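Lettered A, B, C, D and E in written order, each chain numbered from 1.
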């Protein structure tokens, strides 16, 4: 499924330095769908303290860098997720929690749940576990930070490059006549 | 003479930004400590600002850019008139209080204009709340200013500071304790801290005015908030704590900021009209009581 | 100086009023010419007398060689002759309107005889020097008034005339009582002689005379408690009658009031000392007249019928004139004269133009004024100009009248100054409802779809009379110092009672 | 030469009346040409106060009534700025009145207004002052109810108030005339001062009669309802004149008459009650100004019609000016005069931009507008600058006069007055921003998509006004020198100023440095703006709506514009003690109608009533005589 | 002069009766009658003015002889002349009044004042 090798899209030069700062202050917009949302409060508060890494919850996609999908995605919420993802600003990353976004999880055969999130929006990191515990989430965050630091977390570039492919998948699922997306590619 | 002013200007504005961010970092660690967790390093705000400036951003109209820039420049222009320790950017206008009070409104107007041009309904609601609160906390603050101007016969901060030199006993804090308490509560509103942060309530109106600010605009918001902290605490230190030498000045500012944060981390959020009612009753009565005492004594 | 021919002013109209009435063929055709001829004669003759008066001062006409203190004699002084001329002009204008209006041919003959009687009576009232003579012609004057009002023969005019009849008959009874009383005490009925020794009589009889005389005149003067007949009679009367009523009958009663108070009772220095304290007649009159000003203005403000509004506004102006007269000073008197002049000029024009504007409409209330500017442009302009003149726009006679009024009450009349507030109230209310009427002229009337086809038949008589009145107004606006000399001369004559008595009695003894 | 100007004006006004409907712009060109002429003359005459001119109308009955004019520094200053602003509004109205239906009459009466405006300010004696005062009352009435077509009720309060005040003034003048024998102002003021000694009752009556005019015309507390009512109905360009200039006449006359009086009392407080060394009477007036500004501010916060909002803000500003004026300190009076000028400028700017918006959208309710800035940038800029200077924000002209007002109030030790003024000026910022947001920013409704900028001729006055605001803001010394000449004419101590550095007893400001500080920080912000990554333009509807795509729920841009109850909860705070003065005046009117009605029905009573009342009243008179 | 005082009282009483009649009556004709009563009251008062105690009526006839100021013992003729005209005027007013009553009756079909004065809109 890797359409393009991340090496070609790797950040170089000045971006490399900025990545250090992007890594140190990741602002997270957690899209609480499914069962993963309950895992986040402990990671944020004093027990697992996400703030140590400079990460904090943000109210609007405009301000956030990191989109956290915390569970299965039905068709209706997929449309909302794509809309929110579009509103976020580059460089932006997506972390998918739990197994449902990977292969539909226990709802793989349901009529409304989508089986593979990566088809619709580029997922940088998936944290397995039918709702991973906060330690796993923190572990995932640290892994993402390392990826950002050496410039490999380039999901947003992939989305820009082959936007048509993603668009096609999204339309096939959502089958809406009028376009969902904002005027970006018009 | 020209470059002398530019140099002074740069010193004044950069100190305010840097120190403002520093105070925010320390403040975040302080609140984290209250919540028994270890927030990021004290230079966390610097990182956030640099990250924000490195992100792409969107704007709905050139008015939005102009407005945000105007907001930030308004606050910086106000800091210019603030006496930082005993350093003044404009030597012949040593910190005129009335100018400072009116220049602050440019910051609000610029930010408000930029944000309301963004078209998101949440931001004007936030701005409406902020302005209503402003009329609330301006009253005790204005009363305190009037009291001090009457006390020292001049509206220059320089003279106010001069009267407070010497030992700790002739600080205005001790001369007019009630006025100080009223102003501290007003400071809480000015900084938009917890009990009075109905305007940027993340839960209710998705962080109010900052809804549409992305990337560098949010960076401007951050810098504005930082220099605002520096400004307001600086005014109150000059008015009540007798702003001493550079270091003394900064420590007093930090002390004030941490005082407000400690109040903030304990209180839930006021509805903004209750906040205005609160401001018009309790802090105003404190300062009024002090003013009446002063008038009787004179 | 003895000048016997002034009596013609009265004899000719009475003669021609009988002549006109006769149903003889020749007269039936030519009664119009006789009617107009007598009016013109009166006007020209009075102008001649005026020139003589200017030369020789007061003229006395002795009737039947009975020298003044005894017989009936006419006194034509500068003040009375000028009044007469002004009234003749207004009468001429209304006569023109009456004659050239071509409806109800038949009773025009009868009406013209009544009008001539009306003419004779008011000229006699103004000229007479004898009290009983004044009473007789005052009665003829009110009877002819009643008849004129009742001409229109519909509800309002009949009710108005009946009310007027009742009040004036009781008034005449009171007047008779007063005359009898005066004759019983002073033994004479000649105005000059009464004036001569009016000081000597006792306090009670003075009060008796004043109150009974006032009782009869006040109903004519449209002062509030006594003016219940105005609302129906003005609303019901014909258009030219309204002009007569507003122009002449009010002014005549004012003349009587001035003659009574100033020459006979010698008003400013009247000394009414009862057993222990002086009766402050000035305060009595002031409170009385200010009450009537307020009430008249209020009723004018709230009534809807155009004629009624104008009627009550003229009643209010007359009470303001009385208000000015009671101040008793020269400037008060001159302000009264100025206001009288402005009433005589602009009031008839107001009635005329308002009648024309509301010609086509059924009910003549404020809404019928709508869209007046487009329907009847000429008459609306007339109405606006006369309204502005009447309410006292700067540099108009009414304005100078008000200026003088404020001046009189500003000077040393100690606590009377605060009556000024009544005047300010009346001016505000007056401005308000006049500008409301002017404003209505310009509002577009939605309900005016159907009668687009009314022919704008501008009758010549109305056009001509409107034109004459407007020209008089403009003349008075441009040359304000015409009436300045007149006023100073009048106030001198009125204020020295002795000179009036001298000319009559001395001539008498010689 | 002034009288020549006035007559020439009258001729032109009649000439303009007969221009046919088709080329009515010609009529308005004559109109603006005449104002330009007056402006040119006022500038050339200059302010030498020896220039005296008289024109005797009539001398009747020992009254020699004559119109005489004198150029006093105060009069000259007021004429200068009022004619300048009138000229700008006339340029604006050339285009606006192209298809106005009753514009022929508006033009005529507006002409008379301008003539009487110059006449009033240059009048030397009280009679001329009264004549032009009356003319202004009448002509401004006829222009407010536009061409007399709309309903009469709109302006009846204004009309009644102005008549009452003009005739009270007339009676006051008469009492003074009777005392001094002449109408000239100087003598009368001296006599008026001496009147307080020998007959205090008369003096108080005269004082009240003159003060009522001031209260009515500058819409102070009890009479603060007429501007809102008049503005709602007045033609848009005239409302800028109405609130920029007409509301200043009462103020002008008070400065002329009462300031010398109070200053005199201040020096020799023989037997007057003095409250911290200013007369009690002027203290009351100062407080009335403060109360008006607070009430008007809170009314403005509530009003939803943009013209009403601007009208109430005018009333609030008049409140500041009266407070400053009657604090009787040199800075207070100078601040008041300077604020009158500034207020006239930025208020005309506000009204012209509102008129431009109304010209294009024919809509005055603020919640129906929105997003005008994206379509009408020039109007938006004028409105923005006008708001900045109205709220008294430093770089522009509003700030300098407000600062002077504060110096005046604080230096003469009025703590609570300063607080009241500060409260209403912060309140001013509240409703001004509300107007800015709901008219110009936020979402642009669909129906205004094809709104274009106003034609260029309308934009000229806006550019000039913007230039004026900025230039006076940065270099106030030119205007302050003029004010100093006025102060010397009333021998009040001048404001010492050294090329744009104003020194006051409490502190000094240098508006050039203030401007430099602002531009410096703006450049710093711009540099930071360039450092960040370039921004991307986005559609107006593409905003964060919690993931909800507006198109799904056919939410139009209009629904997204939040403007209806902008400070809703804030207003509810005052529900408990909200009194409506308009309701009070309506009840008086109903009462008068009722009494009138009672008398009217009394009149039309049956025939019996006549005799009955005749005899009754006759008996009553006798009893009344007996009681007396 | 004593007994003409009785006449004065009589005329005032008559006057009051007339006024009372005018006020209380409902029928218009009755009101006019009471008005003429008032007129006669004033006439009586006028006549009584000229009364001189035990003087002869002022009628010139053969046996009066030459009139000279000394033996002139007749009552004052002037009020009598005045009363004549006053009566004529009283007649005039009543005649006009009756004419109006007819006109009103034709219009209102009744002479009762109360029914006549309906409260019409002014």
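We adopt the following convention: a contact is a pair of C-beta atoms (placed from the backbone, for glycine too) under 8 Å apart; a residue touches a chain by one contact, two chains touch by 3 or more.
Just so it is clear, the model here is predicted, and its values are computed rather than measured.
Undergrad: Enumerate, in label order, the chains that touch subunit A and subunit C alike.
TA: Chains in contact with subunit A as well as subunit C: D.
Undergrad: With chain centres defined as mean CA positions, report which chain is farthest from subunit C.
TA: Centre of mass proxy via C-alpha means gives A as farthest from subunit C.
Undergrad: Which one of the chains is farthest from subunit B, going by Cα centres?
TA: E
Undergrad: Could you name the chain whose Cα mean is nearest to the mean of all protein Cα atoms here?
TA: The chain sitting closest to the overall C-alpha centre is D.
Undergrad: When contacts are scored as defined above, which chain pair ends up with more C-beta pairs, C-E or C-D?
TA: C-D
Undergrad: Compute the distance, rounded to whole Å, between the mean C-alpha positions of subunit A and subunit B.
TA: For subunit A versus subunit B, the centre distance works out to 37 Å.
Undergrad: Taking each chain's centre as its mean C-alpha position, how far apart are subunit B and subunit C in Å?
TA: 80
Undergrad: From the C-alpha centre of subunit D to that of subunit E, how far is it in Å?
TA: Whole-Å distance between the two chain centres: 69.
Undergrad: How big is the gap, in whole Å, between where the Cα atoms of subunit B centre and where those of subunit E centre?
TA: Each chain reduced to its C-alpha mean, subunit B and subunit E end up 100 Å apart.
Undergrad: Can you list the subunit A residues in contact with two or more other chains?
TA: Where subunit A meets two or more other chains at a single residue, that happens at 60, 62.
Undergrad: Residues touching two or more other chains, restricted to subunit C: which are they?
TA: Residues 159, 162, 166, 170, 174, 231, 303.
Undergrad: Of all the residues in subunit E, which ones touch at least 2 other chains?
TA: Residue numbers touching two or more other chains: 19, 22, 28, 31, 116-117, 120, 122.
Undergrad: Touching pairs of chains, all of them, please.
TA: Result for touching pairs of chains: A-B, A-D, B-D, C-D, C-E, D-E.
Undergrad: Can you check the complex and tell me which residues of subunit A touch subunit D?
TA: 60-62, 79-81, 83-84, 87, 178, 180, 182-183
Undergrad: Within the complex, which stretch of subunit C touches subunit D?
TA: Residues in contact with subunit D: 159, 162-163, 166-167, 170, 174, 207, 211, 214-215, 219, 225-232, 279-280, 283-284, 288, 295, 298-299, 301-303, 331, 334, 393-395, 400, 402-404, 406-407, 409-411, 417-418, 420, 423-424, 427-428, 431-432, 435-436, 439-440, 442-444, 480-481, 484, 487-488.
Undergrad: Which stretch or stretches of subunit D touch subunit B in the complex?
TA: Going through subunit D, the ones touching subunit B are 371, 373-374, 380, 384, 387-388, 391-394, 399, 402-403, 406-407, 410, 413, 415, 418-419, 422-423, 426-427, 429-430, 433-434, 436-437, 441-443, 501, 506-510, 513-514, 516-518, 520-522, 524-526, 528-529, 531-546, 557, 560-563, 566-567, 569-570, 572-573.
Undergrad: Using the touch definition up top, name the residues of subunit D that touch subunit C in the complex.
TA: Touch residues, subunit D against subunit C: 57-61, 63, 131, 134-135, 138, 141, 145, 147-149, 152, 156, 159-160, 163-164, 167-168, 170-171, 174-175, 177-178, 202, 205, 592-593, 595-597, 599-600, 602-605, 607, 609-611, 613-618, 620-622, 624-625, 628.
Undergrad: Can you list the subunit E residues touching subunit D in their complex?
TA: Spelled out, the residues of subunit E in touch with subunit D are 19, 22-23, 26, 28, 31, 113-114, 116-117, 119-120, 122.
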